[in-house]
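Some structures are shown below for you to check.
Below are two complexes that have subunit A in common, paired first with subunit B and then with subunit C.
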Partner chain A sequence: MPEQVLELTVNGRKQKKIAKPGARLLDFLRDELNLTGAKEGCGAGECGTCSVFVDGKLVKSCLMPAMKADGATIETVEGLANKGELTPLQRAFHKTGASQCGYCIPGMVMAATSALRENPFADREEIKERLGGNICRCTGYQKIFEAVELARDVMNGRLPATAIDVDEKAEKYIGANVRRLDAPSKVSGSLRYAGDMTMPGMLHMQVLRSPHAHAKILSIDTSEAEALEGVECVVTHEDVPGEDGFGVFVHDQPIMARDKVRYVGEAVAAVAAEDLATARKALGLIRVEYEELPAVFDPFEAMKPGAPKIHDYADGNLTKHIPIRKGDVENGFAEADVIIEETYSTQAVEHAYLEPEAGLAYVDHDGVVTVLSPSQNITHHRHMLSKIIAKPINKVRFIMSAVGGGFGGKEDMIYQGMLALAAMKTMRPVRLVFTREESIATTAKRHPFTTRLKVGFKKDGRITAAEMEAVADGGAYGLSTEGVMRKAAILSCGPYDIANVKVDTRGIYTNNTPSGAFRTFGGMQVQFAMESHMDLAAERLGLDPFEIRYLNAMRDGAVTHTQQKLDSVSATRVMEAAEKASNWERGVPNGRGATRSDLGGPGTRKACTLGARLAEQADHRVEEEVA
Partner chain B sequence: MERIVRGRGVAASWYGIARTATIDRAGAWVEIDDGGTAKVVTGVTEIGEGILTVLAQIAAEELGIKPEQVTIGDNDTARAPEAAHAGATRQTYMIGNSVALASRDARTKLDREIADHWNVKPEDIRAFDGEIWAEGSNLRMSMEEAVDICKKRGVVPVGSGSFTAHGTGLDPVDGSGSPWQAYVFGCQVAEVEVDTVTGEVQVLGMWAAHDIGRVINPRGVEGQIEGGIVQGLGQALMEDYRLENGHTTTHGFAKYILPTSLDIPEITSILVEDHDPRSPLGAKGIGEPALVPTAPAILNAIHDATGVRIRSLPATPEKILAALAEKRARDGVREAAE
Partner chain C sequence: MLSCDDYLKPKSLKEALQAVAQAPAGSRVIAGGTDTLPWAREGRAGDVHVPALIDVTKVAEFQGTRIENGRCRIGAAVPYQPFLDDVSLRAALPCMPYCAIWFADDQIREQATLAGNIVNASPVADGTPALLTLNAEVELARLEGDEVAFRRMKLAEFITGPGRTQLMPGELVAAIECETAEGYGGSFEKVGARRSLVISSVCVAGLVKTSEDGRSFADVRLAAGGVGPVAFRFDDIEDELVGAEISEAAVEKAADHAARRVASRSRVEYRREVIRGFVIRAVEDALARARPAIPHTPSLKEAIHA
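Entry: the complex of A and B
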């Protein structure tokens, strides 16, 4: 595909630039015009982070070839307001706290701007629909709707401008709704994330990944890739000068696979080249000879004798077992009037932060190996990398760039090591930006759990004993599995005062995508089991769900499942608050929904019915015509 | 059964604050700077939750200036003191308290000089919003002047702080131990509508009551609760990372389904404050706890609406339809038997 000179108007200024062959409008704006407010969240038109206006129409710029924008008028988030200013909508996002990590926000601002341009009186339902193509992973959307409604009312004159710009005077700053200090940089698109940053002489990295779930590496031949013009280096495990291994607890994962691969997508080699296209091309020239090994994809299979062994040190593929024993469960079950036993399971979940992994590494003038990335744990990463590259700790520097969503998924040092090795080998800055597919296929997930739970109750609802056995699929590497097993075990049977407890959590290696840290760290999987169980018990015993929870809740001075004596316990306070706020009608949870009188009250939204708004609009139109 | 049915469910939860079953620590440096501004430096901060603003509020409160006058330099292992990692619902608790301690340290130095300058006792010095004064007197000046005086007396008002949380390891045999010094509790109610023909579930309302300790920024806390609930909703109903012999079949957002603006309920947050007695601020945390009770509350609500209990997440339309069919068959058998 040839290069093409594009002439177009961007944010009110005429531009004439060459578009690289195959460039999308998003690449052109970011790479040629340095407008990095539009982000690449998925590259497939599904997340909306790259939204811009093309001839006044909201467009996902990752789907539009740059060549098609020839002669067009483009407006990006940077051009919505005069330089150094913000539009009322951007200021409303600031006011309501509508930005969190901020990565989706430029796209969200564009979509909301479009919504209000199309209909300055759009109601909440219409706003929701018009934002339906933009994903936000942090905010839960609520504050975004508030911001759009606030801006709408100020812009259409229903509210004065002070509604956005004036805050209540605080008499104390702790406890006040102080506006987010970082919001202006997020709503204006001026905040740069790692993937938005460049350095003079910067190389681009691409990673060769394993196509096999479990295979021996017989050989890696990088000579042809290294010979390709524009390739500065290829790195493999052979470039690691120190002790190769990382992980949040056990350091069982090499920077790049050595000896064998343990999951599909595991990094095997990485290329640093003058441009992305060359780096990609070079990947195809690396020859890796594999010998496939039997693989195991189910933790229960992996625990069986004779199952493929994934790590030499881990017999039975056991990553970590955490036991908890309190009282005597056998006695407890003997005292019970009712014993309920069930098995629950939860799935693997992707963090889906809108910012895919990205990093930039360089060796500075003092020989300090520096890695800039959205790492959630620069302290630990520095420790690990200093061992891996065999340098004193003050010769290793980690800078945490703006994080476009983490949720635990950016605690793992899965790519920073490759960047550091390439920077050391070339003495040039090297940048790596994951694609969405790469991010989903190769980074940690929430641990899928299978949880068997047995709980004994007296007739009045009192718990006499609880026994839980949870098995989690830890995937191919340890990452945070040990900690997740520990937290799951500690929290296991919920905020209840139980005299007899027996808990075992086990994290198991398989050849699946590794599981790692994810918001709640094992806490939600086990409590999903316990809380489902509490309702089953309430139904069997004829109790209201709140009632059975109050009856068993920990109170001040309670002794936890790990025998820690607590002082102040707010469990019943929060239950009372939720019961009151929801105006809960008491009753036995036996599928009585149809008979409830507390439904559809304040705090609920209308249910969506497909096409309803369109039908409503049609009605209005008829009314208008009649009028 | 009607085609469209509704129901409600509740779930309670608990959580620990900061790192688990170990000693946790965080450090910070503070300088009260020219113009009555301040520099705060600490090792790790924002991942989107709003901690930068929370730290600015804490420093402003402790130093007697405005949050927008605080500049936070952070996130650099070669330039800032260790604050460990951004996770474990530890940011407000660990780093917030270390910034509070460092701010108090800097203030002590400033107050000593200003008290001497005014010839009053240091403990009578107060400051808020850029003004500093001596209690019980008409002595008052701007923070800008105070910093200027302090420096002319040869003192740069700098402070440092280190905050520790004392967790203990678990016994390897019986698991006994005190993994955290601060605990939080939560409770959520969900209201759902289920279409028994398509199996689709809509969550219409969520009420979330959470103990936060002491609230630093209410809007920020709500944002964490709302975001946590929507992640919990995603896990409850739609998100599912699938593998086929180790190869993912959900490699993009077309296959891996996330909640959008059309999927979300109205959310009512109730912030309960049970102050932590073991830390200077009394605050605890909310990041992770917010999503713990969401999925079980929704699944309990689905049971309330339909009488079917889904034990394996996510509760997809396919699973709900299968469970409804099974229930109909079971009820039919029972009726026939009766």
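Entry: the complex of A and C
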């Protein structure tokens, strides 16, 4: 492999290293200098987890060839403060709680540092603008902006230093601002996520994935790939010693495709090699012979007789059906003055946590197969893996690394098995880090739902009956579908006291990317239907949207759709608080238009625009002219 | 992943042209790399190995901007951020700061070059419509024997289609040269899927100068991207507005005409709607920023809506 010499100053120290001419500055900092505060969230300049200063200017190091930085002065998040100390800005992030998963935070701290260096008096709009190239998925921008404003005012002298360091004394923890114990490690960039970890002798894994949505695997020939210099092993389903299959409920997914592939992106084989480039090259040398099968991409098509069968066990491609019956809906509809029926659909959604999936596996000195990864369910994974690799549970260990955002998307054991197999086969540590593209293409999504909902109302707005039929596209494997169907059914008709309820939720196999757990676990999709329905009903009946909800809300002693008696229900209190906080003006939802006075008031947001710093300059110009 | 055997950083134009001439086939020129690196990823070109990457951002002749005699010369290595930060550039090229603020983000703007944006020739490149309003030309350099030779052409002629330009093999863009527009108000309107870091669905750049009494349009220049295979100037509307009294009716009529020029293949109705609104806004915003020749004229935005 060709090499060039690179000389630069990083965090005040001169570095002279041999580098691959094509390497990115990000790779160089992480791999050669072990500075892992800069992370790779997307590799395409979109997310800002890799931001570093080059000659005083903040840039995205994933888009900068290292050789371009030859001779430059680099500052990374590790170099912002003296060792073991934090800058005022980092301390402000700690104080305001501006770090949750923490994966975006080093980049955010860098962008905020740059913003305040460029303009120590930047106002909130300008701060937002200057942080516009950095994405956060779970902390929420509010606390981050608060932190930057706090640090700004301390740094420019408007506030005393104690404003950052001193906390209000709280009598209790609940309802008080409590500092996160792990925040310093996040704001300083010292916390290591799975993809930041290395071990001596570590191999790099890459995965060969299916180009077909549904196809029989006729043969897999790995011989050429195995013969490539630097390749330590190739693993396929044939390397699974035990009972193959994982999933949160039904264990229908093999570690790697066995006999057939069921979606585009399904893992078919994995290579472990001395370096990433070799592993990627080896993927191109694996020969897989497929025989394409008819595929189905729509759950309604998949339910029809004669549709392609995706799993042998699942007739009608049904993963799970959850029925709920309460009272008698026919009687309920007969009592209704108005019946509203609509069909709602919601789409697949990607979690887009900033940390793409990553893991490191090794077999330790006691022969314990160890997998380190940001798994949201290590105990379950451990039990499943022990069966799959046919080892007693005390020879299987899962370590949960810091999770750089999960939202349900890291509940599935989709890559930990491959890592374990490769570690067992080579007896060396093996690491796999997904690219953003791989993460989006191959991991579970929020279930797309098609929800038909029929609700009967009395003229005064009281619900007499609700009937819901929801069909969810579960994709190629079960993962969390069963639980999602259950939760969707339970929450189906909202926090409303309804005497007659009939609900059916069905998760269906298709050849789409598998659907899995995602915040609300099915609740959101059915709530979208039910709440849209409540608004339609308010329009039809001439009621205020809050009013119709109050009227139907469960109260203490209500019996849920699944016939559980509730001692205490807070729904009406929540609605009252929401109504008050939103300055809601009562009235029918339609027919008021621009005459409403609760639009655009305090606490509402204006349409976004850019150019805060230009507007400011314009103002100065006017002032100068006037003076 | 993009990999290469050799990373070259020529220091002079001649060295750069020689590197381009001598580099093995398949080698690539890069400037900021912000189009090239994302291109070499899954879903697009995938893993790409090139014999050499020729980084032209250290070429002495490509550095900096020069304003002289009503013209501005922008070296090929100049990134986007100076159009926002540099006070004299902002005054000379009044639509560029607004174009720049909507372009990517502060960090990409430190890297991404205007020349790279033009050579990449995306139909939705933000720089193209802005430069069209500034009557930009492209200066191209090549080797003739041992000598560096130049040719020049209008930007509108240089870009011939999506991703296509008149750049010949062995040639480099040395600079972009445009008119300065002091005293004009500038504007840039853009819509995409989100605010920061987004490629335009539609964008419109505007430059407006008013008559001395501030009552009529002395000059109007408008250009759009994202509504056809290449960005273009709205010559017809410009002709219609120049000399006309500033009024809401005149601007609205011009905007109606603009919608007809939409030549995209997808989302045509949407783009027509957007273009209409953007032309109105581009004129309004530019008017509001145009320095009125006579002090104490009422705000021009008010004049439009009077």
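Of note:
As a working rule, the second predicted complex is superposed on the first by the 606 of 627 C-alpha atoms of A that agree within 3 Å, B and C clash if a C-alpha of one lies under 4 Å from a C-alpha of the other, contacts with A are read in each partner's own complex, and residues count from 1 in each chain.
Heads up, the rule we're going with is that contacts are C-beta pairs under 8 Å (C-beta built on N, C-alpha and C of every residue); 3 or more make two chains touch, one makes a residue touch a chain.
Quick caveat, the model's predicted, so the values are computed rather than measured.
Superposition note: with subunit A as the common reference, subunit B and subunit C can be accommodated side by side. The larger set of touched subunit A residues comes from B, when the choice is between subunit B and subunit C.
Of the two partner chains placed around the shared chain by superposition, neither subunit B nor subunit C is touched by A:551.
Of the two partner chains placed by the overlay, neither subunit B nor subunit C lies in contact with A:488. Look at A:397: by the touch rule set out above, it reaches subunit B but stays clear of subunit C. In the superposed model, A:437 lies in contact with both subunit B and subunit C.
Of the two partner chains placed by the overlay, neither subunit B nor subunit C lies in contact with A:148. Looking at the shared chain after the overlay, A:584 reaches subunit B, while subunit C stays out of its contact range. Of the two partner chains, subunit B is the only one that A:604 touches; subunit C does not reach it. Judged by the touch definition given at the top, the superposed model places A:51 against subunit C, while subunit B stays out of reach. Of the two partner chains, neither subunit B nor subunit C is touched by A:307.
After superposing the two complexes on chain A, the closest approach between C-alpha atoms of subunit B and subunit C comes to 5 Å.
Residue overlap on subunit A between the subunit B contacts of one complex and the subunit C contacts of the other covers 44, 46, 129, 132-133, 437, 441, 608.
Partner subunit C is touched in their complex by these residues of subunit A: 2, 4, 20-22, 24, 43-46, 48, 51, 57-60, 62-65, 67-68, 70, 111, 114, 129-130, 132-133, 276-277, 280, 435, 437-438, 441, 608, 610-611, 613-614, 617-618. Interface residues of subunit C facing subunit A in the complex, by the touch rule stated above, are 1-7, 9, 30, 32-34, 37-38, 41-43, 47, 49, 53, 55, 57, 81, 84, 90, 97-98, 101-102, 104-108, 110-111, 195-197, 289.
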